[in-house]
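Naming follows writing order (A, B, C and D), and every chain is counted from residue 1.
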Amino acid sequence: MEKMPKWADVVLIPLISLILAAAISALVILGIGEDPIEAVKLMVQGALGSSNGWGYTLYYATNFMFTGLAVAVAFHASLFNIGGEGQAMLGGLGVALVCLFIPWPHWSIALIAASGAAALFGAAWALIPAYLQVRRGSHVVITTIMFNFIAFSLLNYVLVNQLRPPRAMDPASAKFPEATHLPSLHDILGTVGIEFSKHAPANISLLIAIAACVGVWALIWRTRFGFELRAFGKSESGARYAGISPFKITIVTMLISGGLAGMMAINNVMGESERLVLNAVEGAGFIGIAVSLMGRNHPFGVFLAAILFGFLYQGGAELALWTNIPRELIVVIQALVILFTGALDNMVRMPLERIFLALNTKKEG
Amino acid sequence: MTSAPAIELKGISKAFGPVQANKDISISVQPGTIHGIIGENGAGKSTLMSILYGFYKADAGEIYIKGQKAHITDSQAAIAAGIGMVFQHFKLVENFTVLENIVLGAEDGALLRPSLRKARKELRHLADEYELNVDPDTLIENLSVGHQQRVEILKALYRKADILILDEPTGVLTPAEADQLFRILDRLREEGKTIILITHKLREIMDTTDTVSVMRRGQMTATVKTAETDPEQLAELMVGRKVLLQVEKAPAQPAQTILEVENLSVTDDKGVERLKNVSLNIRAGEILGIAGVAGNGQSELMEVLGGMISGQGTVRLNGDALDLTGKHSDGRSRRARGIAHVPEDRQSEGLIMDFHAWENVAFGYHHDAKYQKNALFMDNAALRADTQAKMDKFDVRPPLPWLAAKNFSGGNQQKIVVAREIERNPDLLLIGQPTRGVDIGAIEFIHKQIIELRDQGKAILLVSVELDEIMSLSDRIAVMFDGEIMGERLPQDTNAQELGLLMAGVTASEGAA
Amino acid sequence: DLGGKFDKSFNEAAFNGASRWAEETGGKFFEIELQSEAQREQALRRFAEAGANPVITTGFAFATPVEAVAGDYPDTKFVNIDGWLPEVPSNVQLVGFQEHEGSYLVGMMAAMASKSGTVGFIGGMDIPLIRHFGCGYAQGAKAVNPDITVITNMTGTTPAAWNDPVKGSELTKAQISQGADVVYAAAGGTGVGVLQTAADENILSIGVDSNQNHLHSGKVLTSMMKRVDVAVYNAMKDGEALETGGFTILGLAEEGVGVAMDEHNAALITDEMKAAVEEARAKIISGDLTVEAYYTNDSCPVHKF
Amino acid sequence: MAFLDLIQLFDTTIRLATPLLLACLAGLYSERAGIFDIGLEGKMLAAAFFSAAIAYSMGSVWMGLLAGIGISLALSAIHGLASITFRGNQLISGLAITMLAGGMTVLVAQSWFAQGGRTPSLTDDSRFTGIELPFAIGPSEAEAAGRPLSQLIAEAGPLQQIYSELISGHSILVYIAFALVPLTWWVLYATRFGLRLRAVGENPASVDTAGVSVVGLRYAAVMICGVLCGIAGAYLATALQAGFVKDMTAGRGYIALAALIFAKWRPWYALSATLLFGLFQALELRPDMIENVTGVAVQAQLLGALPYILTVVILAGFVGKAIPPRAGGQPYVKER
């Protein structure tokens, strides 16, 4: 007998967790002497009240879709990839190399090449932890944490010593050439006659991210590999019985996961800053964890959660702009969401299960 | 005897979520006796004992120890009341020494050294008194299972237990080790200690206990004096109706050899040789049964043939050698060659418990062409239709392909696995513990399916710890002990006693000598 | 910039300049402190759209975003302090300081105050700008004492180097152990740790950007003031009349840089020092003395970084 | 390289290794009891902020230390609630706590002190200063002699140099941290509590059936972890530095975690591992030394990444194998 109906698991629990996180965040805002209702109004206004706000919200959401999918894919194989941050950094490096050193005739070709490079670099960065887990028994959680730090040092080295243009101060690469600049949502929607803010950074990567959501869904629930991946994630001994190779699943899954995280770079590096800056990723790798948890590891859930977090991000930026609430408020909200949906899941689940059990027995009795 | 019972349980109930593991159970056990508890898998025996030991909290009911109402809220209280328990799965810290395991939780003070010194002395004393010798400074992980069990018993005695609960103590022991255990238990009984013994083996009940209780589906169905009952009656009480010990089947008509195994060996990752130069063959249309105490290499044999582990030696299927170590030594390659495999542990191997039934029906065969829509995607609709058909044919209840595997009962789970494997129409079926934890109706059904497959001219390798099952299904019986085949017998030419000796590693010649 | 508004140094100076303008004129200014890269452009646009004029940015990392945004708001004037762009848009003003000149003066003072013949320099992020500081400092020190040893260390290569007092403190200790008895911190928030440790270990330190003499009264020899506050104040005062489309260079002559003399360091400054500094200052302004800029050919004539 | 240089390098190493050591031992207690903790960083950070904030506002460093320990304990309690009581994912919980601390410290610091997420600088009473051991050459001798301390030490004999420079002159917390190593060893291997703690990390069911509370033991371990992280954080903000700045732990919690793996969850090894990683950090500050000795300039970035790289190498089992406590990371479930 199911302890709880599916909808409660998929909708009710995340919703309650989110409400708890929001309630505590509201207390925090009150605690620092601001008005939470005003804050929410400002956030909604800033993030969703204009096409410019939407442009930023969707820009952030694009990042989070990629990193959220990265975490979700790995989760299905029971792998916890905390390395999205490092993988996305490396993805950025791949994009920068492709955009800086190869003269592209048109953005579309550049985009294909850059996506490939981003995915390749991100995947390569996930490959080593994956290999070490299957062959040497070191847990990916710890190794991917370590690889985040190593990635930062590596990127720092490359930017400072190789890619920084002369005279520049920033640890950042030169601007990418014009031909690699991606069309923004303004340009895309313009072709179908929809007005959209010209300056918002949301760009064509959003469509790629949405395609990635669909692709990941099909991969996980429609392909043989997805079948094996999920089976492996649920039961390793079962996978061994069925002749599913743990080596193959772990390696390929982490490659896909790292590749998705790396792909984020086409949005933030190629689409937005149009150059590689040191802290381009800005924690999106970690937010991917929250997004994936919130979205119950389902691509559609990830899509929704990414937009929610995009909203939080943009709304939070607006708050920081117009009030005394620092941007760190978003970090707090994000932490609370991870805490409630990820670590304290049972706190919400156990009482709910009891309620449903009681309801069921009553119905039966 | 008119003294107060050593243990008295009144109206104990316990539910795990939706599962009612114990329902209103009452028993009483006299001091200085051995009390047996039998029952099918999942009947609630372990749960009941864990409640007595304070490991689980009962939802309702009362416990009296020596006539006094006891409030056993945790194991500490049970230990204080003089109860000791040896769990089905030992509760030892593997990388601690014997001594450390024994003092754990029974230290005398905040500092360790005095406790250890005292325990060492006490241990020597106990060893002499009960023939319970173990080196106090060995790490548990370096001890044999039998010795680990001794440590568990020593733990209880060190805590001055005079009520000792043993949960399926012989499942993992060789017959010799088991005999020694029963000698120790006798000794303890003579000392006036009360013993509760849980087992599946009727022989042990008949040989050692004074009284016996039977449990079925969470309830206590009867408590009788051992002297006043017999195995048939107990078996009937256990399963709730007369057991059909004999399976109806026509004589085998073996044809060409399907499987040839020559000098097959398996070494585990700790370097222990689990399977030693095993040779056997199975012909089309016959069932080879492997008898043996759990842990003597049968699992490894199944796993190496099923492609779950690698091995050395030669295995030929229909005359062609199988890859035992390389790229094609996995389960998928085996299936492609026509070997189907019902694993011993359906919950952790045969099924993905969180998958829908329809996904489980493809499990292992998900590469089959008939389940593919195109080069990229699987054809889930075809799969669901296929599942529906199998469920109807094998009478899986409820016949809902959408239900997750974990939501089926054990017997129906097993039917799903068996349906999947048998319907594949394999040349060779490996089937391990086909009826473990399965209710009697399903047992009969599954047995019938196995015989039918044989009669279609397939080769079947059957592994089971249930001797009865082996004897009634097999056309030939091989007995394994310590990774070796001790001998082969025909069911009509042998009996349980002879097989039992072989299972204990005693060959006929030795037996005679 | 990312060092934080209250780094007691660079960013704080900018804030003070703005506050002074606000106090004096009753004008209003928006401010934001950034923690995020993508936010740079966003903030610029929001300010421009909100009608802020001029929009003032501090820190070289803003140069590129300013360039990107400026074209879209031709009616808004943008100021960036410390930045460098190959081409300056017509509504952007880049403000640069002759940090090497001020550093030269404090270098002289350091050399005169040093008993051990070793002085130290602790930079923040290792970028040409900071080497530019260090180079002026070394030239000043060597001008007073050609045999002097100048030890230089950079805190790091990332923006985090502006905000790492722990490292600043440890670097100071390392320099002290190498004999330095005056250290010059050109490291934003990291300098707080440098000055603290210097005071703890009883040696002299030199502050940067703002007047930091008061932080450890009597232990800070002086501060190389980079009048970011003045630049901000002036830009705000000029408002719409602000001249744009080029570089503004503020040196000793413009009082854009200088040394801080106040009651907190009065006891440390000898008349001889005062006289020497005054003399050098006059010479630099008059052009009789040129302090080599690190930028000239990305190296320092008297010191190897 | 001169002897004194080496001493000074080690002196720096000790100062920088101290927070790593404290955090590493904190993690050791928790992980030995089977609770993985990747939230060391967050607890340290929160403790750093609160110790500095309270030390500043109350003018007493000891109150600051208590406050630091207090907040770290509170975060530990959340971790305990998530991973022990509600049997959640310990990794996720640790991660969330680190993020929470990262956000909250700045948020609170900004609304409290309005200095851009930092606390004001601490003055003498509100911070830990160096303790001058008897017979050591310290600031008081320097004052008396009217000469810089560094000169006095440079002139002293090698033993006195070791004593005065390396051993003397650290803050009390440094000595506490080093004393905690033998203490931890003793607790772990010579006491009843230690036996149970180790057992609960290996096989909680064995502890449970022995009649000892698994939950109680694990909470105790998590709380000890909280106390030690609290001290580590307070050390950063009130001893190593005079005040809190945003993100001042700068990944030290993760380095401590790496050190813990490197140390195979053992106290004395933890000391060596943290000293080694402390040495890397010290060398990062003195690139000249490496250059003097090896003749090649080592990239600062490489030095910064070395602890992580080494940990990966160790984890990969190329140099000895690190086997974590067997029940580590898994919630103890006895009833489903």
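As a convention for this text, contacts are C-beta pairs under 8 Å (C-beta built on N, C-alpha and C of every residue); 3 or more make two chains touch, one makes a residue touch a chain.
On a predicted model such as this, the values are computed, not experimentally measured, just so you know.
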For chain B and chain D, the touch-path distance in steps comes out at 1
Using the stated contact rule, I'd like to know whether A-C or A-D comes out ahead in C-beta pair count. A-D
Could you tell me the distance, in whole angstrom, between the mean C-alpha positions of chain A and chain C? 38
Cα-centroid distance, chain A relative to chain D, in whole angstrom: 31
Measure off the straight-line distance from the CA centroid of chain A to the CA centroid of chain B, and report it in whole Å. 46
For chain C paired with chain D, centre-to-centre distance based on mean C-alpha positions, whole Å: 34
Among chain B residues, those touching two or more other chains are 17
Two or more partner chains touched - positions in chain C: 33, 157
When you check chain A against every other chain, which residues touch at least two of them? 156, 160, 326, 328
Can you name every pair of chains that touch? A-B, A-C, A-D, B-D, C-D
Quick check on the complex: what are the chain D residues that touch chain C? 4-5, 8, 11-12, 15-16, 114-118, 121, 129, 139, 142-143, 148-151, 236, 240-243, 245-248, 250, 282, 285-286, 300-301
Of all residues in chain B, which touch chain A in the complex? 17-18, 306-308, 330-335, 341, 343, 345, 348-355, 359, 362-364, 366-367, 372, 376-378, 380, 404, 407
Over in the complex, which chain A residues touch chain C? Could you list them? 52, 56, 59-60, 156, 160, 166-172, 175, 198-199, 201, 268, 272-273, 275, 277-280, 282, 317, 320-321, 326-328
Which chain A residues qualify as touching chain D in the complex? 28, 31-33, 80, 82, 128, 132, 136-139, 141-143, 145-147, 149-150, 152-154, 156-157, 160-161, 286, 289, 293, 324-326, 328-332, 334-336, 338-339, 342-347, 350
What residues on chain D touch chain A, complex-wise? 38, 78, 81-83, 86-93, 95-100, 102-104, 106-108, 110-111, 117, 251, 254, 257-258, 261, 299, 301-302, 304-305, 308-309, 311-312, 315-318
